[in-house]
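Next up is a structure, given as structure tokens.
Per-chain residue numbering starts at 1, and chain names A, B, C, D and E are given in the order in which the chains are listed.
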């Protein structure tokens, strides 16, 4: 089987297996072993199967598209890796559907001859920039078309490139670890649970049935949804699974839904996400209205069988060497007035079409459609803001810690928040420099705000939550400044070390039965595995490493971001603030992460009671920790052969983004630097050194405050009391929202309800009274006149019925004869009436 | 053959065709009658050997090889009794209905790749359908005999045969699905080559389903351990209790004819038909048209192959009959409805999935695929005169990715 | 030489002009119609069933002649092999002597005959009134329809033209097919349920059952005593 | 209304109603073991009532016995259970000897054990083979008859007859064994023993056989005792009675010094059940399978007894002893003795007024009582179960009708 | 006989045969008192109709051009056969139920619900 068939099969199965597990647990969950214990086995087996299939897909991918040259380190090599036409091993394969001759039945295979057949068909023609013309390898196709109406085609399809495969592996791997971990963590749910945090009105303790299987059911659905986003071949499918992820998060965050805090947090996450999704819907509509397709890649028209270009092709057409331009559809859409003018001028539709297409380049020059593309990009990004918890919609994420810790780990590392970043990465070709700038600023703000809040938080999970928000800001910023590989690279490495950190914190909470770091300390002695692995996680997240030699995974990804941001700020001096945010964020990150670690594991126990009860977690929980720790170390490495995550990512770099681009647009002149330029020696060295210095400074500060109390934390807090209060209260964002949105809404509601009660209700009561009066009048009329009539009618009907029932003899054979008589009569009548022929 | 008569001897068309029809009918009729004689003799000898006896030894010199013929003559000479109170017309007509059904089914059976009475496009279906008519004669006989034992036998037969047609049909559909045609000749041709091409060895599911088919076939021709309709220890002789002489022998011939029929069907559908385990003919370079005499030799060998396989099937039925006790009627129905039918259904699904997943991969969306099939079909039709065996596999055949048209 | 002469003589025979298709059509049509009429004329239910089999079997032959092999085989398998066996089964289950041949009043027969004749006249008139229908067929041997039929059932129409409107319904007969399948299933379940009747035991048999129930409680039909007079007749039928 | 219907306890559900039929199974029917007529009232395939009609083989044997001397009546006992004529002879002879208070020689005693147990094997072989026939398998029948023929050969050598032996007689046996007979008998036993395993393969453990017999015609011990069932039918229901061990002393004295274990299931186990096939899970104690299996066990048991008796008989020196005179005068009085025959307990009763000819002769037939329970067993079963049940009772019409 | 001589069967021939069967079926339904006889009449009616479908769908019988119904005719015939099987099963069940309750299959006695 060739790769273009094999990959969809493998990944499709990997995607569907969790669904099967979900369905199985849904229907048979309570019957799976005692108290549904088998559900964990089923779900874990499913996700492990997915992992296996994803790994197989990775192997298949690498078999056809080996990562031969390092993306890091050697910039020339990186350039070559990014330019497929220079490296013959990279096959440039675009689904053959683009060929007009796709009507014949061969086209159904969604394959046909291997991509080698028309290898280099465009790039060897010698146009200016070979890099910009490079188009990444992607396999696209549809499994099933749900609906076709007009130009809209909603289908279940796939868009598989290197990052898809990579994300599959990452998601399924982390999900596997978390499944295994959760099987141990959730064992309380196997028995009836007494939830002390729920206050019953009677004052009694609340006891409920265990929901073990339900947890794994939701987890399976979550994995299915996330994988659905990753494999999705069009925006509509993305949106569907986007919402599925949302609902799953609602299930999981609200897992302890009896707790007021949990249900509120779940609702909050859900509602905040809806705000973002509204923006996404706008973006979706803009794209569909203008372009008539939501497919990423090229697809086949369901009715004519002709090829139709996908979004990427429309925005970065191949004949324009993948340079970004506003698609004709959007131009014509926004130039509706002009089109109307042409239409009024007369001419048949064909001519009109011709005229319009001739006029489009001119309109494009006039700037038509630019705003629309901007709106579409920002709209899509709005969805990502919600899902990836960016400013201003980041408030849900810390509250989402109400869910069980494995959920936090999953939500924060591999699935939900990753979805936003992934979508921005996926959608990158369509985003204009303006949008990218917006993204970069939003990311920068997020990174800084979240990091500062994390400094003052005392809840171990909250610290991690804000750190997640902050790291997501990093990724967004990286993408915004053109660091496509850097951002997604950080997404992958972050997935590993953040899930590790969360699982570690879960282990700590499991041991201490509290989230409060102020009660911990010195746990290293009793929880060596957790402690060491968490240390690894902390080192990874701050990007520790020996500069220019080797480092934890975060070292590589963070360096890349830093370098890109630095380059960006060099080229766009007016946006230097972004680089400052990144560098400052790195410092704060190092500080609060080590604050966390020191408070938890180092020093002496602060609460002897907690310490005495602490114990190392069971093997089923520590094993994933160790595995993840190893990956947190090595995920960023590039092997001597050139193999590495970043190299793999480089393969699917969007077409036309390999070169720097300077545009003057809505938000002024922006230069989006080419990513490989950031590997240039000067930039690279400066970035690395900055990263190292900031991280070291942060760690030292943390050590000074919490390991060896040279500087008293409380002293510092007292010194900058207003700032400290501001941070402790999380920049008053929740309060701000409360004031701006919630309270006004409540006030309006109160007014409206008052109006309802005072005016409308009275009006209705009065009406009812009047109606009652009229009714009594009417009743009299009814009883005498109407009833009399009805009774008379009934009497007549009754007596007629008595006569007519003689006809119903109950004799089957008579009825048959009646039918025959009727049939013949109809024939005869028809003949008589219409006089045509006896046949009618 | 008709062409030969027309062109070489110069007979007018209608006479040539009539001659061919006559010859075919004669051959098939004699095949059944002769086969019945041979099989009855074989059954006696086999039963005897199984039971430490010798069986017939004298008639015809040695081995009693003329015993069945002698019995036949005896039956011819016997008085045809009809019970008082029997429904005369139905009583007389019943054996012929049974026999005709069995006989008619032979029309569509291929004995080698072109030795077939009537090559029907829906051959498999026709054979199974006509075979199902045999039960009608049995029911009539049971009813018309005015005997309670006969009635019991007939009722049992009706219930049993109607039930077993379900799993039997399901089993039969599997080779149809694999070959992409209901034409028995096409099905046979698809299994040409080494014995690994036989459908029984196609995949594990077909291997299982062959045995389900065989079980159901044994049941649908009323052989032990499913011979409820004539269970001699319970119903005296079941539906033919009141029959004697020639009429009884017609039932007998119908029974042996059906036995042979289902065995031939098993051979064609699962065991490679006329193709030997080793493709000797093609190894020797005897494929059609290379040598003048080769086709005839190939046909002869094919016939011998098929007969051998079918005979083996019949012999196994005899072996079973003389070894096992009889099931009870409810157990027979249980076997059919609770075991054979679900297993057949599962295996059917299994074969289908095997076909779907192993050679091709997940099938892409169906809409354009349907269009492609249509195009291909129309294209093929435009090529020339319609070909009888043209067929479309609804499931991709091995090695093909998409639904294709096979010819 | 003699052969040629012989064949020349044969060619002179009127038989040479025989159209076999027409002959077989006549044969099958005669059997079908004759047997159908016999169904009406016979009083005995079992014989009616026999005639019906003949009629339906001949109809299958007509289907074959019309080039619809698949439908013909289907007719044989389902109609003759399945439905009619079921019918005969029903006949046997209800085969009491007095029920086998119920007499119909002569008046009914006459009335039905008249009505039937009227209906027949109407039908035949409409059958022959359209000129196009009377035009003899081209009698070209058409391609077998089994495969197109199968394709039609899964949504591929090879017989229709290319235009979009000719391809309606776009999904072929898949949906009707599924509906029919579900319908069949429901019908069979319903029929099985319907045939399992509930009966009231009479007090007398309660005692009888009580004495029996100790050994075989479920199999005994004690309700039979109601019609004991009719069923305990020694003749059985 | 529906509520009413639901509450009415008198409403039952049943399948499609068909007409009830009265069906005669026999007297000319392949599987009624002779001239037995079973009148079945059937509802479809279900037998709602079954009634055996007997008397087609009545020969006034008892009345004839009142006109013959005791020894003269011996040939008539042959024709009662003609499949186990030796045991019939023995029963009558012992009854007369009980009246006469006569004791046979030691050698005759062992020879009687040898001969009667050999005939028990022959009888059970027929029962087993015919049972297979009842269930529709033909071959075991011939396998059984093949072995039975060898036993008949031995009998023929000893007494000249193959079916109606009149060998055991009042006061001993008509003749001593011919030379070399014992060796041939032992040779037979040696070659017969492995063949029993074949029977187990063909029938006892055959899945279809088990399906047809296990759980069918379950006869509870209470019912068996109530109906007076005896022999393997009784032991198949788990009642531990065997007259060879529990009978009257004149009969048990014959088996003095013989070691044997009654073939009956005790505590869920048959004696020495490791040597035999396991009891299938579907089988219920008292069903057809158990009755059949008890017979198979008794074949083994008889072989053991024969081996023991051959030892003892060959150790006995001296003459066999002459039987009593043909017209020996009987003392006044009466005697009744039951012996354990293959089919069950066969009892003979005679009253004498002092003449050589008994005044009254009566026989108590085991098959008669065993058949009497058949209607109970067949009620509600299927038609196909009727031969299975009746066959498992292993009746002989000659004994019932006498 | 004319057919034999001229040798071409037309749609109308089939229609006439169908009409005969149809009429026979109707008359059968009208005159049979046995419920199973009525059932047989229904089968005849369905078959007569089926013949029409097949005749209109047959390309063999059609003159120039496509047959009026084309494949649809055969598909319809198939569905009719299938539904006839279902109908027979239900009708038989009803008949047996009727027989259980009334000990007869005489449709003239099935008039419990008469007016």
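The working rule: a residue touches a chain if its C-beta (ideal position, glycine included) is under 8 Å from a C-beta of that chain, and two chains touch if they have at least 3 such contacts.
The structure presented is a predicted model; accordingly, all values stated were derived computationally and were not measured.
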| Stepping chain to touching chain, what's the minimum from chain B to chain E? | 2
| request: State the smallest step count from chain A to chain C, taking one step as a move to a touching chain. | output: 1
| Most central chain, Cα average position | B
| Greatest Cα-centroid separation from chain A: which chain? | D
| task | Any chance you could check whether B-D or B-C wins on number of contacting C-beta pairs? | result | B-C
| task | For chain A and chain D, let me know how many angstrom lie between their CA-based centres, rounded off. | result | 85
| note | Cα centroid separation, chain C vs chain D, in Å, comes to 56
| chain B and chain C, separation of their C-alpha mean positions in angstrom | 24
| note | Taking each chain's mean CA coordinate, chain A and chain E are separated, in whole Å, by 61
| said: Touching at least two other chains at once: which residues of chain E meet that condition? | reply: 26, 30-33, 96, 99-100
| message | Two or more other chains touching the same residue: where does that happen in chain B? | response | 148, 155, 371, 373
| field | Residue numbers of chain C (touch at least two other chains) | value | 18, 70, 74, 82, 84, 86, 89, 91, 93, 95, 108, 111-112, 115-116, 119, 130, 142, 148, 157, 195, 197, 199, 230, 236-237
| field | Residue ranges of chain A touching chain E (in the complex, touch as defined) | value | 804-813, 816-817, 820
| said: Per the contact definition, I'd like the list of chain A residues that touch chain C in the complex. | reply: 813, 817, 820-821, 823-824, 827-828, 837-840
| said: For the complex, give me every residue of chain B touching chain C. | reply: 9-12, 14-15, 17, 87, 89-90, 93, 120-122, 125-126, 128-130, 132-133, 135-136, 139-140, 143-144, 146, 148, 151, 154-155, 158-159, 161-162, 165, 181-182, 366, 370-371, 373-374, 377-378, 381, 386, 388, 390-392, 394
| What does chain E use to touch chain A in their complex? | 26, 29-33, 38, 107-108, 110-115
| Within the complex, which stretch of chain E touches chain C? | 3-28, 30-34, 36-37, 39-41, 43-44, 47, 50-51, 54-55, 57-64, 66, 70-71, 74-75, 77-79, 81-90, 92-97, 99-101, 103-106
